[in-house]
Each structure stands twice: as structure tokens, then as C-alpha cells.
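Got a structure here, written out as C-alpha cells. Questions coming.
Order as written gives the chain letters A, B, C and D; numbering starts at 1 within each chain.
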Amino acid sequence: MFTLKGAYTPIATPFENGKIAYDKLEKNLEFWLSSKLEGIVVMGSNGEFVSLLQEEKEELIRFCCEKAVGRKKVIIGTGSNCFEETLKLGELAAENKADAVLVVTPFYYKGAMKDKVLENYFTKLADISPLPVVLYNMPGNTGVNTSSALLSALSRHPNIVGVKDTSGNITQISETIKNCDPSFSVFAGNWSFLMPSLLMGAKGATLALGNVAPNECAELIELIAQNKLEEARQLVFRLMPVNAAITARYGVGGLKFAMDSLGLFGGEPRLPLMSPDKAGREDILQILKTAELLK
Amino acid sequence: MFTLKGAYTPIATPFENGKIAYDKLEKNLEFWLSSKLEGIVVMGSNGEFVSLLQEEKEELIRFCCEKAVGRKKVIIGTGSNCFEETLKLGELAAENKADAVLVVTPFYYKGAMKDKVLENYFTKLADISPLPVVLYNMPGNTGVNTSSALLSALSRHPNIVGVKDTSGNITQISETIKNCDPSFSVFAGNWSFLMPSLLMGAKGATLALGNVAPNECAELIELIAQNKLEEARQLVFRLMPVNAAITARYGVGGLKFAMDSLGLFGGEPRLPLMSPDKAGREDILQILKTAELLK
Amino acid sequence: MFTLKGAYTPIATPFENGKIAYDKLEKNLEFWLSSKLEGIVVMGSNGEFVSLLQEEKEELIRFCCEKAVGRKKVIIGTGSNCFEETLKLGELAAENKADAVLVVTPFYYKGAMKDKVLENYFTKLADISPLPVVLYNMPGNTGVNTSSALLSALSRHPNIVGVKDTSGNITQISETIKNCDPSFSVFAGNWSFLMPSLLMGAKGATLALGNVAPNECAELIELIAQNKLEEARQLVFRLMPVNAAITARYGVGGLKFAMDSLGLFGGEPRLPLMSPDKAGREDILQILKTAELLK
Amino acid sequence: MFTLKGAYTPIATPFENGKIAYDKLEKNLEFWLSSKLEGIVVMGSNGEFVSLLQEEKEELIRFCCEKAVGRKKVIIGTGSNCFEETLKLGELAAENKADAVLVVTPFYYKGAMKDKVLENYFTKLADISPLPVVLYNMPGNTGVNTSSALLSALSRHPNIVGVKDTSGNITQISETIKNCDPSFSVFAGNWSFLMPSLLMGAKGATLALGNVAPNECAELIELIAQNKLEEARQLVFRLMPVNAAITARYGVGGLKFAMDSLGLFGGEPRLPLMSPDKAGREDILQILKTAELLK
């Protein structure tokens, strides 16, 4: 029985010469798998899942499951606007013994994505998904928000085990925690609101920051479990500029440059994303130094 | 020296026969002034400040200061799109010995309200304001947001003592707390994100909920000061539906109906606002009972 | 019987030493009143109505009506978030023989401004307004939009004669023209979508551009009445950059600088608005030259 | 040399038993190919392109090109968030002798989609695309808008031949027409703003309405070419409610139900989209009758 808790990171997908660079990915994985993280998310937003061909997605699932299953929890991002693809990838994830699937809200026909439509969609999916479903609310990228009323309804489905909420709307996150089934886990989707989410009752998080600072992510969760709030706040504040740089300000290109700077392999993101320019790179280096991630 | 901290409520302005009902207001004030609140805000959003004539605003300032100064802290909402009016009301507030002014971001020319423009505006205002200035960030009503970078710059002004942030954006609130001058207080603008704001370092709040549950508002702040997090969470969750009903769902009309139901005088809001319809009133009564505010 | 048609301009309000500069305004008025405009709007968005004290508004109504009534149609912007103020100013406009009032959608409690609430508001207003009411839909500034369904319902009220729609949403404008009472006039609120609005059936416009190019505004309407579409398009395209500069890009400060450049008195806007900086002023001058408004 | 002009329809993709129903599609195609349309768009928004597996997309391209090339112009929607997929589908479209590709703005990483990033993306794409590229600006679905400044820059690329603009922002459409290279065609993306777009200089349109009323779409363009504006307006107004029903109000599910009602095969959309409920279906039938499309 899978329980969604603790710190995960949505791992970056490294590219070289237009292809997924599996040798580089293997080294990166070794770093994450030997960290204090609870698990990894393959093909999240920071994994550029939307930029992968279907066959690349399948190959990536197989590779990551082979390396990581048994060492850490593995969640596969199978969401897409194509229900058929989501089903196919979910089956493959199950065959490869992943722990759960992360399914982003379908997001192309925004005007039509009413609660009733999303409830129908996720219910049908969860009814047939061989793996437990984690909902993925990412309004910044999708332009669609799953309300706490909808999440509360979906939380009663036995095969829906949690939500990664990246809205940053702490009111909604609190209402969701209050109203959802007790077995349902709320996950924060960003370091910037992880501490308040945990304090309101969230069970963990999926954090871009975990790519470069996995142990600190796990430590924050521990500090809060121990009610060491002042220490926790200091840790949050110290890494807040790093987190802002690799998410809101410079995005995946910034995250990958930070990875390169810290001895991992980041490389360039796929189009349309771009690497930060010279000024951006210098800004990131300075931020990493100030936060003492880079000596 | 005024320090912005603790629980305030933005008091509702009661109307009868098209005029401010001062006799009713006096009774309501007695309730708030004998509560555990730190202070009151006169002419906040829940006070329908935008619906008052200039002469009514002046009269209301005099009346409230006369009743409340010395018993509780008194902050006067003097913000408006008219700088001249804000200055005039600020002088009157000072003459009547109010403690501070609350100044909402000017909001009509939204496209022009860049950080540079707002920094110029608030700096000029604070330079000449006889009372300490509390900034009021209320994007839900104004459509303008004051960024944490702007707030950080303004926090260095000796006559700007804090911000009431009603954005509900806990990332922004956290960044503001981290980056602002230590003497600058961040206030949460709504019960729904008060607890997480306090835990990140906010000093208090201005809460519509304080109109009907002033002691509970003060108690939450005490519980968190004592690190009693589980008790605090239970209190937050118990009153969350009441708070949602009198703010997001039914607005000022809902707040006033709740006041009527609880032995205060609410009455009807001014146009364009309306009282809740029959179904809404029944919903509110049920919510008040479930929360044990109404027996 | 007042009919809303033709080209109006929302006149700028000139300030000097913190007060309305009536001598400068008088000269500006002479320019507009001897143009081909159908009329003027006093205290529109470009007249900075939100930045005027109530007593200034009253004085300005008296002054402009005295100078302009009988020479041009005069519409007074009486809208505000304060219903009582809107009523008072409307009575004063009637006493001073203005032709109509322009009433902006109330805009502070955005979340509450549902169609039902706005229909109640405008109906109550129109029931008692001594002058015909022109609705003012300005979502860019107010954050509230009046739907074509709402406009259609309100168009049946005998004392509501039209709408100035500044949404720029030509679908909505077309639906409004199709669905509203035939006696109801739709006005475009900006040069940038005037031509298409007229071609779909709008009766005229209220145009910031009319402050500096009043005859061209009237001429466009004539060209379209004569079905001279190619000439019309050339005129639209020639002045499009000027219009963008004095509205979307540099706002009221830009409009006032353009007025100064063209021999009118613009001066500085009131806070929070600011004049364009040096680069902006040079940009505007170049644009005025390219459009052959400035030699 | 391909020139983008006239009326196209983005054809619906029919499904039966979870697969593309090619027999039904063939009959539908016969209807469109014998109409006055200039061409068809395969895999536009109304073709549910985001809901198709990669292999289904490839099959659909082959099928439609085989049936339609030579009879009508054929544009293939190859856009997606995956650049690699867009390239692959574009090569296949070229092999199958389609006329052009329609490429929607990449839309997942909204915050990163600045003009510079989009210019880089579309330039790289157009540099290697074997077929002429038509840009697809669809902010309602993507949450990303391509500014007229960006479109103007891209219009200089010899392999970018036009834009389908579904923003409905007539100011932007006018500015784009004014500023783009003369060889570049602007297409309106919806019946609701087609007439004003044509009058400002657009060359044609891609219209969901063309699925059910292809000849009327072509006729409107003819009427405007003949300067028969009153007739054109009557036609626009007659079909406006039908258009609203099958796009904004009931979406693809509504379009497909209307197709079923009119003797074509619509069927059910794929998840997450749903067919209209009973009240919606009755509404659509009534609208079709009022517009005299259904007897």
C-alpha cells in the first residue's frame, strides 16, 4: 500500500545532441538516489514531459524505474491532454513497478474544464489506472485550477491518493486539507510555500529545488515534524532565492544551469525553452554562493 | 511610537434610511472595544469606504476616534484614487488622534501602476503624512498587486510601518517578511491565510471575521505565540467556513447578515452591494451554527 | 430628445500648482468646441475623474457646462463607487443643462459585480436620474466587464441610451449591437477599434485621441458613413501609433505631453500618474511627427 | 507558391468505439470538399489534435491528404508542446503534399513564453520546415498571446506566410495587418470577429462554423469583397448564435452534436471533453432552427 509523504524531486531530463542523455541521467540519478529524498518524480514539469516524444517517454520510464525502483519511491508523470496516452503510459509505469502516477489536469480546452468535467475525467482514469493516482494542480502552467471542492470529491476515490498543488494558494491548500478524505495526501508543489503547507497539514512535497538541494528539502520536513520552527524558517529563507531563481525567474533553463554549476549535468532545455543569458547565469551563480550551495 | 501587531477588525459601517446609523454603530463599537482585539480599522473594505461621501467619511472618523481612541488602537482607511482626499483624511485622522492610516494602492489606472509609480506615490504620501502609514495590498478588489520587491523598498521609509496583505499569496508574504526592514510589520488580510502567515513571521492581521468573532481572532494569535499548533489548526478549521461565507462567498452583505444574526446591527450594504438572498441567508445561518457561533 | 451619436472626446483636466487650471482649460475648450466633434465628455478616464475631490468635480461641471452647453453636446462622467456621489453629480449636471451622464461600472467589489447586481444598480440609477444614462464599460481600468446579455437587458430601460464600450472585444460589441434595443447606441471607447465597431453598427465613439485630433475623429465617422473604406483604413492606420502612445503605452501622462507638444495645455497628471520620462517624450514627439500631427 | 486566403474549416475528428471513424470522416469530407470552402485544416483545435496519439495523427494526415489534396487546399495542424513532434508531423505533411502547416504557440511553460523565446522558436521551425508555416495564436486555449510586434517580426521570414488569430482582439489584429509584411496573411479564427477583421484587411479565416455552414463562410468573404456590407452584417448576425453555441458555449461537444443534427457525423468528443447535456442539446437544436440551418 503506497502512502504519499515526504520530499520528492521532479527530476530534470538531460539532453545532448537532441536526444535524452542517459549516461548523464544515470549519474544524476545516483546523486538523488543516495540523498535523503523519499522519492523521485519522472516526467514532471521540470522533466520537460511535454517536450518528449511518446517513444522517448516510454524509454525514460523503463530506464528510471530500472535504476530507482526499490531504492526510492518512483512516481511517473503520465498526464497529458491525450487520455489515451495517459492510459498507455500508466500501464507501462505499472509494468515497470513504479509506485504511482502523477496526472496533470488536462489543459487545452480551458473554457470547458469545469469541475463536473474534471471530476468525470479523473474518476474514469482512476477507475482503470493500475497504479494509484496523484492529481497535479499546476495552474501557472495549465491555466486551469482544481478547486478544493473538486479535490474533496475526488479524494473519496480509493485509487486517488493525493494532490500535488502548485497553485501556491494557501487558502485553497488549507481548505483541501480540511475537507479531503483523511487518507488523501496534500503535497506542496514548490519550496516557496512548503513550510506553511506542512504546518497546515500537508504530508510532503514535490520540489524542483530537490534537484540541487535534496537533503535540505528532506530536512525541512523533519524540522517541522520536530516543531523546530525557527530553524525551519531560517532554512526556508536561506534557500528561497535559489528556489525563485530555478523556478519562477529562470525556469527549467535556470534549473539546468544551476545543476551544471553544482557538478550535476543540466545541459540545455529543449525548445521552446532556452538557457539563461550571461547576466542570468551570473545572477544564478551569485545566488548559489549566497545560499552556500556553491563554495 | 506605534507598533503594528495583533488582531484588528475592519469594522462594518451600518446604514439605515440611507444614512450612517450612528446609534447602531455605537452599540457595535462597544462589542468590539470590549473584546480582546488589539484595535479597529475604520473605513476598510468591509467598512464600504468607497461608498461613502467625503463628508460622511469625515464624520465617521470623528465619531469612531472619539469612541475608540484610548481604548483600542485605531487605524483609519484613508486610501482612495484621489491623492488629495487621502491627504485630507489623513490630517483629520491625526487631529482626532488615530494611531495610523491604512492606504490602499490606487487602483483605477491599473496599467500604469508599475512599481516605480507606486513607489513614488507612497513615498510622497509617507513624506507628508502626519500619521504612520500602513500599506494595503488588496489585489482581489483593486486588480493591482504590490510586489515584495516594492514592499521591501517602501519598508525602509521611516513613516511606513507595515502592510496589510490580502493577496493570500503566501510566497509573496514570506518573501516580504524575509526582505523587509525588521521594523516593518506584515499583516495578513484574511483568516484563511492568517495562521501560515503568522508562522512565517507576520505580526498580526486585519480580519473581517473580527466583526463577529473578535476574541477567536485574538486567541489564534496567542495560540501561535505559544506554539500550540494543533489547537490553532482546529480553531482555524472551525471558523474557516464562517470566514469564507462572510468574505469570498457572500461579501459585505453576508457579513452584515451574520452580524444581524449574532445580535449586532449589520443592516443592508449600500449599492451596488446587496444582501444575500433567502438561500444565502439560510446557508449562512447553518454555517454559523455548525461553527458554534450561533446556538 | 438626446441621441447618442458621432465623435466625442473625454477632455483632459489640466492642473497647475495642485489645482484645476481653469484658464488653461478655457483655451483648450475653445479648441475642442470649434472642432468637428459632436460633443465632449467631462470627467472621463482621461479627465482623471477619480483624482478629483467632490468639490472640484462640482466646480468643473459648472465651468464646462457654462462654456460648452449649446455649442456642443456635453456628457458628464458621474460614475464612482459611491452611489450617493453619482446621484448628486447627476443632479448638478442636470441643473447645468448637460445632455447626459456617463456612468462607469462600480468597480471596487469586483467579485460581487455579477450581472444581477449590476442590473439592479443601473436600473435603480436610471429610474431616478434626471438625465439620460450612458453606461461605461471599461474593463481595463475597472476589472469588471458588462456582458452583452446585461447590456441587452439594460438597453430596454427608457432612460438608458447607450454604452461606451472600451473593452475592445469586437465579438461582445457585435453581440451587443445585435441584441440591444434599436434606440440604444453603442459607442466605441478607443480609436483602435472604432472603425470595425462602426462597420458592425456602432453609432459613434468617445476617444482620447479627440483631445489632440478632434477633426480626424469626426472625419473617420464620415468616411465610413460614405462607405469610403480604403480612405478610412488609411486614416485609422496613420493615427494608430499616436493613439497607442497616448492611451495604452503612456496613458494620461502621455496624452498631456502630446497636448503640450501640439499647442494645447496638458501639464502634469495628478498622482499616482506620472509624466513620461525623457525617452518616452522623445518617442511621443517622433510618433506625432510621423503621423503628421506635428510639423 | 501557396497563398493563404479565403475560408477554411478546422474539421472535426469523428470517433467511434475509441478509434477515429474513418468511414464517417470520409462522408463528412465529401460534404466539405464539395462546398465553397477554400480549404480544410486537419488537426486544429476543433479536430481535437491534443487528444490524438502520435500514430493516430500520422494516420489522419495520410488519410485526409489522400482524400483532399488537389480538391481543396489542405493545412495540417502540427503544433504541439513537443518541437520534435512538430517537425516529424511537418515532414509527413510535406510528403503527403499538404499545402502548409498550422503551428500553435507552445503553451505549457507560459511564464517563459516571452516574445524573444517565441521568436527563436518559430524562426528555428520555419528555417527547416518543408512546408510554409501558418502561426496559430489561440490565447483562449493556450494562455499565451503572440503580440503584433512579434508577429510583425516573424512576418519577415520567407517561410512564415500568415497567422490565424483567434484572440478576437481587433486592435491587435489591426496592428498586425498594418505592421506585417505585405505578403503575410492575417486570418480570423472565429466567425464572431471575421467581418471586422476582413474590413481591416484580413485575407480570410479558419472557422469552426465552416464544419456546419461552409458555404455561408465563403459567402461572407465574397459579400465583403463586393462591399455589400449590409447583407454581410445580416449574415453575420444570423449565424452568430450558432457560432457562439458551437464554440464558446458548448465547445467541441456542441459542434459535434450540431453536426449530428445536420446530417453529418459528429459523435462524442474524446475525454476530457463531453457532449452537451439534454438542456444543451435542446438549446442547440432551437438555435439551429432559428438560424434556418435546420428545418
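One rule holds in what follows: a residue touches a chain if its C-beta (ideal position, glycine included) is under 8 Å from a C-beta of that chain, and two chains touch if they have at least 3 such contacts.
None of these values were measured; they are calculated from a predicted model.
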item: Given subunit A and subunit D, the chains that contact each of them; value: none
item: Inter-chain centre distance, subunit C versus subunit D - centres from mean C-alpha coordinates, in Å; value: 36
item: Subunit A and subunit C: spacing of chain centres that average the CA atoms, whole Å; value: 49
item: For subunit A, residues that touch 2 or more chains besides their own; value: none
item: Arrangement of touching chains [line / ring / star / complete / other]; value: ring
item: Subunit A-facing residues of subunit D, complex; value: 18, 45, 50-54, 56, 81-85, 88, 106-113, 117-118, 120-121, 124, 140-143, 248, 251-253, 270-274
item: Residues of subunit B touching subunit A in the complex; value: 168-171, 174-175, 178, 190, 192-193, 195-197, 199-201, 227, 229, 233, 236-237, 240, 244
